[in-house]
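I've put the structures underneath this note.
Here come two complexes built around chain A, the first alongside chain B, the second alongside chain C.
On to the complex of A and B.
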């Protein structure tokens, strides 16, 4: 390219300046992804001498075996519960806190604590709380069976309900659930902890979004006839929070797909694979069982999920919610 | 269309008084400007009229009706904000339509798509559509209806804000420094557009500005505010020629009025630099007073005992006029004389000149800045 070089005499310097960043990006981002992608077509395991090319075998397994079907369904259940609830709660909490005249910082700190705390440590605290016999949660629930007023309220017997058909009534008779040991409850319990941990972060992001809305817009809405809080929310708050919402949704989605610590600490994917989420599957296959090939295949599927979400977010930001 | 009366309005934030109990009557169809330096409480007063701020005491009467307890939306006023406060996610059309939809649609009709299912929506939306189109036609916004505010220039945004205000026939219009975000040329142009609009609508306009030129050129009456007090209310001519307070005299007029410090002696004679000027005041005691003279009322004259000697420090040539900046002995403030450019010949920086003024053009103020009146002697001209 003698022509280009003569037109840009400093091209050499330019390339030299860009090079460190490019090299780093290739070495620590592109190469590992590429290696994972290649490994996903092999039956490689760490330490083995040879590399067996198995083609799409790993992917066929991932999309057909029932274990992996459970993996997808538990991951999607987690995402489908945690994302809307934690985003909704985050928005609600930020609106409430934003309307306070004092005490804002206190609430911010309290709700943000789970975000700052190490999730693994918090998982241990949750494990104690959720313990079927000595845990505070089942303790409190069964203590309620003794209190007549609460019992009749919670079982619905004050309304004429049959005690044994209500969840609480059955709990009192047969004992309350093993939150983490029952396949019908485990994923929901993990999701609950996920919400508890994630919504403080969303709240802080929404608070930042709220404080950037000009008060003049609210005044203008008020004068234009938006009398109720709901109509001001519809006219000003919600649209102005559009960019924040897209960001919060994306971050929460990706973080929910990445759920791992609580599963590893509390259930190890069980019972009956009911909490076998993608990250945990990668960890179990590739690290614990040393089946790097299948682990890499799940990783590639996972990466394409995240990629898809990011692309949708880019598209939304460009199209719908960006106000120049 | 309505008159607005302020009764004993006071506003304080904690210990700080922003507005000290003031009263003001704004007639139906009048263009009244609230003018004053920043922080004088004029914007707060406007927001009290709008209902966005609750006064600590007093009442606002709109068309004779006590309105202090009414929500802003119930007062049926329109307001244009300095930042325009357009809804950035809505098109120009929707921005203008918002006040109509908020008032004419029911709760269900305000939700997009759902509104199609509600009976009677079509006739209401047609009515709204006609109004929005008529208003945008009037303001020259028709080609821009589908744009978002982010794609508009400052002047166009200003017009959309005006459109949103006039679309629903409010009883009065409130403007909070609407032109201060525009460049100088556009500002002068929008001034005349707003005046035209007011003549067409024949509605009550309350206009807040810190720009005395806007106040002078646009208003039927000007209300000058300083430090939370309403100092003087009057027509532009009245405010300019007959300021009742030194601060008003200094605030209105560009360049600023010249203030000379003077003494009165025991005979009531006014002495400028120990030389008696030929007018007197009724109060026969020796006090300090201020003589204020507009730059256009000062002139360069021949030396005489009564003329004030000074030295030119700076000359400003403006094309159609020129300003001489003159230092006068024993006076702390440099004075400004407005002259015709043709009169500049022979003067340069450093020239010693004599300055005179006609006694009828001099405004006298006491130590507290209150206006006092001279009793001119028959030969009342200061210059020889």
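On to the complex of A and C.
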């Protein structure tokens, strides 16, 4: 085909250049998805020779057993808390910092530190800070019980509130929470650490977005009658940050679905499965207990979640969202 | 009047940001402080930030039959030497450096030629391959950890360096990023190189690579930070063989068998693991922010 050869003189060499990447892409990314899909219909475990087909059994279990209901609810709770709060804090911090006269870089640096530090190490440091008896947090909280002014403020007794009905008053009497050891607090504490770690990343992206908004837009908005800071935000800043928001939301969503380090190191999914998130469930069931079939089914559900989110993001980006 | 109001506004902003900054710094403070304190100071929550640094006796050393004088030390030195003595921390750090650098080098070796072919050469199937790259961007490698683990186990690679490195050798993100960058390189440069008789392979490494250094550096930071800090993947494929532990795995094992007296050394270990990247970040902030937020350029 002399014609094709002259039109694509580099055909052979190009194939050679992409071949290593293509082979690895297929072996490392595509084949595993296929394997996860196949294994999710079996009761396979490592070391056994044959594949036992069990049809949809694994999926039935995942969607009906109470363990997995806890898995979905704790994962969703984590995501539902971490995503809006860390995006909101990232936006809030970036707006504050952007409007400062001095000290912008200092705050930016500090808020970005958690993004750089190994989450596992910092999770353990948080565990010490949150330690029920010797931790600095409960220590400070109970020291506050001795200070009359603070005590009456925090318990609400200064306006006649009954001390024993307030969270702080009960803490002073009966001790402050165990945080990671209490099933009512554990997931929230894990989510708090997640927010602590994630919001600086969102802040930096929002700062980049803010600095690309042309000042002329604010001028014209002002001429059109947008006098208050709020209306300038609503009419200019927020719509102009639309693409950044879509991106920040997507990446925070995907990352929070994958929460693992803090759970594995601090709670092991407990107490009473209250922090049994999906990645930890896959790890525990399939890798520690060798129940590969179930783990594969959770993997497939997990992948569908994550891919769906990204597809929605792409669709939004293609439509060039501006929330106006 | 309005000057007065705006300066009080400014003060409120600073107040809010300072409270935020204190919360952000809290675990760093705890980590550093514990790494310098004696066990007693940690248990009683005394000694302020630095601890009193009163001389203490290393009880384990006394048990080995040495005299108390020989075993007297101060907490900060005790904690940091213990961090290296209790576990082969140097080995873990070496593993971390080796794995992280290998991953980045292989990623660059694989993605640069592919990015060149996808951006500067015309060939049949280019659009299909690029569509596959875009599709693969959707797949988080952590999410397919289980099948990858099964595959590695089947070929007997669990508990090897290869298991730590191989799943990360393909970075579709790296391909995508470098392709976007290469598209901005003028074609004349490549044509001139061809006239000089350079092969396409040498064009990739001797013409394209030098122009791509800034983008590659940003990608290097992105990759190194992710893999130095990664805990999940090493946890999955390294089961019990300490010689292959990466720094986070070593710290996790330390935590597993730590009692009250080991908290100081444990936080010293944590400090040692976290410090290199934090220092590098403080020295080259702009580059780091750029690298970490790379994903934002999509």
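As a convention for this text, the second predicted complex is superposed on the first by the 299 of 324 C-alpha atoms of A that agree within 3 Å, B and C clash if a C-alpha of one lies under 4 Å from a C-alpha of the other, contacts with A are read in each partner's own complex, and residues count from 1 in each chain.
Here is the rule we go by: contacts are C-beta pairs under 8 Å (C-beta built on N, C-alpha and C of every residue); 3 or more make two chains touch, one makes a residue touch a chain.
Because the structure is predicted, anything quoted here is derived from the model rather than measured.
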{"item": "Superposition on chain A - do chain B and chain C clash or fit", "value": "fit"}
{"item": "Partner chain(s) touched by A:240 [first = chain B, second = chain C, both, neither]", "value": "first"}
{"item": "Contacts of A:124 with chain B and chain C, given as first, second, both or neither", "value": "second"}
{"item": "Touched partner set for A:226, first chain B, second chain C, both or neither", "value": "first"}
{"item": "Touched partner set for A:15, first chain B, second chain C, both or neither", "value": "second"}
{"item": "Touched partner set for A:214, first chain B, second chain C, both or neither", "value": "first"}
{"item": "Chain C versus chain B, contacts on chain A by residue", "value": "C"}
{"item": "Minimum C-alpha spacing, chains overlaid - chain B and chain C, in Å", "value": "11"}
{"item": "Contact residues of chain A, present in both the chain B and the chain C interface", "value": "none"}
{"item": "Contact footprint of chain A on chain B as seen in their complex", "value": "47, 50-52, 71-73, 77-79, 81-83, 85, 87-90, 98-99, 102-103, 110, 148-151, 164"}
{"item": "Residues of chain C touching chain A in the complex", "value": "10, 13-14, 16-17, 20-21, 23-28, 30-31, 34, 42-45, 110-111, 113-114, 116-118, 121-126, 129, 132-133, 136-151, 153, 166-167, 169-170, 172, 175, 200-201, 204, 225, 228-229, 231-232, 235-236, 247-248, 251-252, 255, 263, 266-267, 270, 273-274, 277-278, 281-282, 285, 288-289, 292-293, 295-296, 298"}
{"item": "Touching residues (chain side chain A, partner chain B) in the complex", "value": "214, 216-217, 219-227, 231, 234-236, 239-240, 242, 321, 323-324"}
{"item": "Residue ranges of chain A touching chain C (in the complex, touch as defined)", "value": "4, 7-8, 10-11, 13-15, 17-18, 20-22, 24-25, 28-33, 35-36, 39, 46, 93, 96-97, 99-101, 103, 105, 107, 109-122, 124-126, 128-129, 134, 136, 139, 196, 200-201, 204-205, 208, 244, 247, 251, 254, 258, 260-261, 264-265, 279, 282-283, 286-287, 292, 295-296, 299, 302-303, 306-307, 310-311"}
